[in-house]
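There are two complexes below, and they share chain A, which is joined by chain B in the first and by chain C in the second.
Showing the complex of A and B:
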């Protein structure tokens, strides 16, 4: 299957590369664009083919039910989808303000000499291996969050709400820290591209530095949206770090972010190594991958719609 | 099992003066068995015997034999009765362990836990138990759940055993998963009022840390009614007793090309000794040339040399990683006989 896909994709790739370099630039670029669409389509088709045995057996139940019982060959991935949505939501909610803050700080507040250094440092955190973030989450962030959340909850509701250091919330906060540099990099570039005359006009209107920053952010809103979706994609797909701190609870449907849970990508990472020992686990994991892909495509469709409707 | 294989392959590389390099990767027991059968690997190693369905696919064409014994311990985090404060470890039984992971025993002050620990009864806190289990599929989970299935009938009916199971405590109580032995070990150290199961080595290396926040449990062998601490002697006693039971039941020692699932079942919850233990197995083809391996003669010679060393020199205390138990000589002999079945 994979070998076949490789050949199917390699041929158009070579034709496109040939066209791009030797025949006509525009044709080649178009073909590469089409190739990307074809790759996504073929991947989705492959997920469907691999997941087909369990879809054939259980129908759509595999997407709509909550269970993970390999002993009885009974699988459902809904809890993993809600886990992905909840951790990504926490991550985005925390990361976007941080990313905006980083972008404005670098462009407005820091002295020019330090901008480059600070910017490179932020970019550097994006290159850190995710397993390092995972270990940090395991040893430092998880226990710290548990203490902090329980300290607050004891004074608010009189009880501990976070009984373990490894929860959906821990994963969300860790993801927020991991995706901030991605969003920040895009927003920072957009912010820096605000034309000088526009900036001068803003100040000429008597805007304070804070108001100017707000107006410039509004000007760069397409970049903010781009950063948002890039970061969201990273958050939804992150595997290793999340698998280490999410709490690995496969069989409970929960919407309480302070409980342990699971995400689709961490479920795949955790269960794949021994999945071959079961008849339907590999198809069930591919069903999870298919669900995540379709969900990602749906989000991107919404994004494209929003961007096109709100053309500046 | 990975630490022991790495250590053997390193030592063997040294004793052969760098001539022979055994490349072992820890990819998971299920994947190891599957890739061995797909002939992507020269040999496979697994914490469980070849599963029955897969065994039947290749029955008679390959051999499996134990190379080392591992044991699983229950570690807990209970600051109120940490070993460093009380000088005592908890007593547990298969029934209580099962009920905790089934979400039926929810609090540490449950009368069923108190009854096993009269000396600590007044100190057991009325806090909810966080039951930590593996979130990845693992041979450790398979051995642990096999023990519970064997020792406590209701567990067998409601949960069963395997690389991954559906933990009722996840739904009914405060169940939680962690990745790898190291993840469970860390989660228990970090989470007050938690309990978890790990390979022996992951406790023994961090013994002092556990003693500060809790400790490791004595486990009752339900067959002789005694509580056993997970020492090397008690685990070895369990292995010998389990094998004795197998031989009595089936009339002979297991053969290398037989299905070893009955052996792992008899070994679990043995008549005496520490009850949570398992063999680690190695799989070899009987005829590498016929299975389509290239350069079969050289490969077989190297594999035989390595495993002969593992089953003899490798079993000496200096070559066994702390936490693993060397094979009794009569079990090592089964492996040596298995090597004879591999065609040169």
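Showing the complex of A and C:
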């Protein structure tokens, strides 16, 4: 009944908000702001409610144990949690240098005419459907990375370290390509905000272009940190592309990035279709979603705080 | 300046020049590495995708036919394309309808405390994992579905069908039109399944709202103060000032936002997984509905060559849609 009321009341609410726009603009606009805040609150509350059965049964063990055995109705998502952290770490380590490179290339190196085009290409990377990244990762990047990593490891260790093309490492590399534009957008914004007098002072000191770029990056460090956290949030939440290349290893705990693994979001995507057949799997997956939501809220709060502190 | 120190200055300068070139080269290399995959992906999708469309029976067959089963040699993405277009259009319209006023609020009323709360909310929502949004809509849908059907949609569809029976008595010659309508209405309105196109569209809306809102907000925030005062002075009412006069000043940015947001949601997969669910047949939008990204996700992971090939064809179609919207947005914006 509650859900019914929620949906049925939403339509009159929106109509009323539009009507209020004509009567008293400020009140009407406020309704839209309230709507968005309500959605986020409702979303978090909803996941708490849906995940409650398994949290009541197992307590926090569901987040701290390595198990995924639907037949015995025992669930733990620690392996997915470490998978999320490992893929995000690989992705961030590769993406941040690339994002810095993009920001400097656009603002310092390229002639003014090409800047717009290069910027558009970076934006297009952000707009590309994630499932197409996944398709490419599945048939091109995964096999290529396996060959490349094994070629290196054979000369170093004398053995193949990557036995499957679909591993946490593959997912991390693919994620790095996908999140670079998001980090780059924030860093570019900060880079462009370096005041003209500061820039002139840098060059007046006789700095080379590279030295100037380093000083300006230091000036925009709040934005770099903010971009870091925003990209981290994207990397943790990305689903489809990761699920296609991560290997789908649901139950085994691994910290070796060259093995197949699982992340929280890909666990949800891959296991949800058959979750209804088990009593506690849906709550377990909602517990995973709750974890993702809380991570997302925390990371975004930090990122917004850092960027806003830089603005004031 | 002695000759010796002059030499040293030159050595130091040469060193700095070298570091300068090496450093800039490194940055440029990293920047280029970030966009190279884009070209690799686009060329990979188009090379394999065009072959795939030709081998599966040509463009028209591919755009209209049902997807190939593992034993077929031809097939297409007809139902998925219809589903994607329908859900994207609905999602984009709703997203603009809510996102635009929201953007005006957080862009224009920056001094209000609650506007800052709303801005933080929008910033959180734009970064939210898309699968979480899908799960949320799924959870709401599964709570509301039964009552919604019992109290609203069931009676509504009964009323519509009885209307179809009664009207011919009053307007005889329009019989055919009415019965045609009667055939088509159940495709759009009726009791909902747990998975349906409208849930998918709502999930896409939730992803679209913050995109539109943030770009609208920054466009309104960048309007210069004299222009704003002039708008308030000429418009008479605050509503007219913001939505009629100033709209002209920001329409470009808002149009770009709408187009880019549409391109973004047209390619989304994760929010549709548990809301639209996917369907291989032409089916009413009140039940599970197919979408091109969902078909790519499903077909790429099957072991059957013909379906993998069709996934590449579907990717080429999807990429064409998104590139078209993106290029229009760049040229207009």
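Everything that follows uses one rule, which is that the second predicted complex is superposed on the first by the 253 of 312 C-alpha atoms of A that agree within 3 Å, B and C clash if a C-alpha of one lies under 4 Å from a C-alpha of the other, contacts with A are read in each partner's own complex, and residues count from 1 in each chain.
Simple rule for what comes next: contacts are C-beta pairs under 8 Å (C-beta built on N, C-alpha and C of every residue); 3 or more make two chains touch, one makes a residue touch a chain.
Everything numeric in this text was worked out from a predicted model, so none of it was measured.
Undergrad: Please indicate which partner A:51 is in contact with in the superposed arrangement: first for chain B, second for chain C, both, or neither.
TA: Neither partner.
Undergrad: With both complexes superposed on chain A, which partner does A:138 reach: first (chain B), second (chain C), both or neither?
TA: The answer is both, since A:138 touches chain B and chain C.
Undergrad: In the superposed arrangement, does A:244 touch chain B (first), chain C (second), both or neither?
TA: both
Undergrad: Touching A:271, do we find chain B (first), chain C (second), both, or neither?
TA: first
Undergrad: Touch check for A:287: first (chain B), second (chain C), both, or neither?
TA: In the superposition, A:287 contacts neither chain B nor chain C.
Undergrad: With both complexes superposed on chain A, which partner does A:71 reach: first (chain B), second (chain C), both or neither?
TA: Touch status of A:71: first partner only.
Undergrad: Could you tell me if A:260 is touching chain B, chain C, both of them or neither one (first, second, both, neither)?
TA: A:260 sits against chain B, while chain C stays out of touch.
Undergrad: Touching A:129, do we find chain B (first), chain C (second), both, or neither?
TA: Touch partner of A:129: chain C, not chain B.
Undergrad: In the superposed model, which partner reaches more residues of chain A, chain B or chain C?
TA: Of the two chains, more chain A residues are contacted by C.
Undergrad: Taking the two structures together, which residues of chain A meet both chain B and chain C?
TA: 138-139, 244
Undergrad: Given the complex with chain A, which residues does chain C contribute to the contact?
TA: It is residues 16-17, 19-24, 26-35, 37-38, 40-41, 44-45, 97-98, 101-102, 104-106, 108-109, 112, 114-115, 117-118, 120-125, 127-133, 135-136, 139-145, 147-148, 151-152, 206, 209-210, 213, 237-239, 242-243, 260, 263-264, 266-270, 273-274, 293, 296-297, 300-301, 311-312, 315, 318-319, 322-323, 326, 330 of chain C that touch chain A.
Undergrad: Which residues of chain A touch chain B in their complex?
TA: Counting only chain A, the residues touching chain B are 67-72, 138-139, 142-143, 146, 163-166, 243-244, 247-252, 260, 262, 270-271, 273-278.
Undergrad: Quick one: in the complex, what on chain B touches chain A?
TA: Within the complex, chain B contacts chain A at residues 27-31, 33-34, 51, 54, 128, 130, 133-138, 159-167, 170-171, 174-179, 183, 186-187, 190-191, 193-194.
Undergrad: So in the complex, which bits of chain A are touching chain C?
TA: 1-4, 6-8, 14, 17-18, 21-22, 25-26, 28-30, 32-37, 39-40, 42-43, 46-47, 50, 97-106, 108-109, 118, 120-125, 127-136, 138-140, 177, 180-181, 184, 208-211, 213-214, 230, 233-234, 236-240, 244, 265, 268-269, 272, 285-286, 289, 292-293, 296-297, 299-301, 303-304
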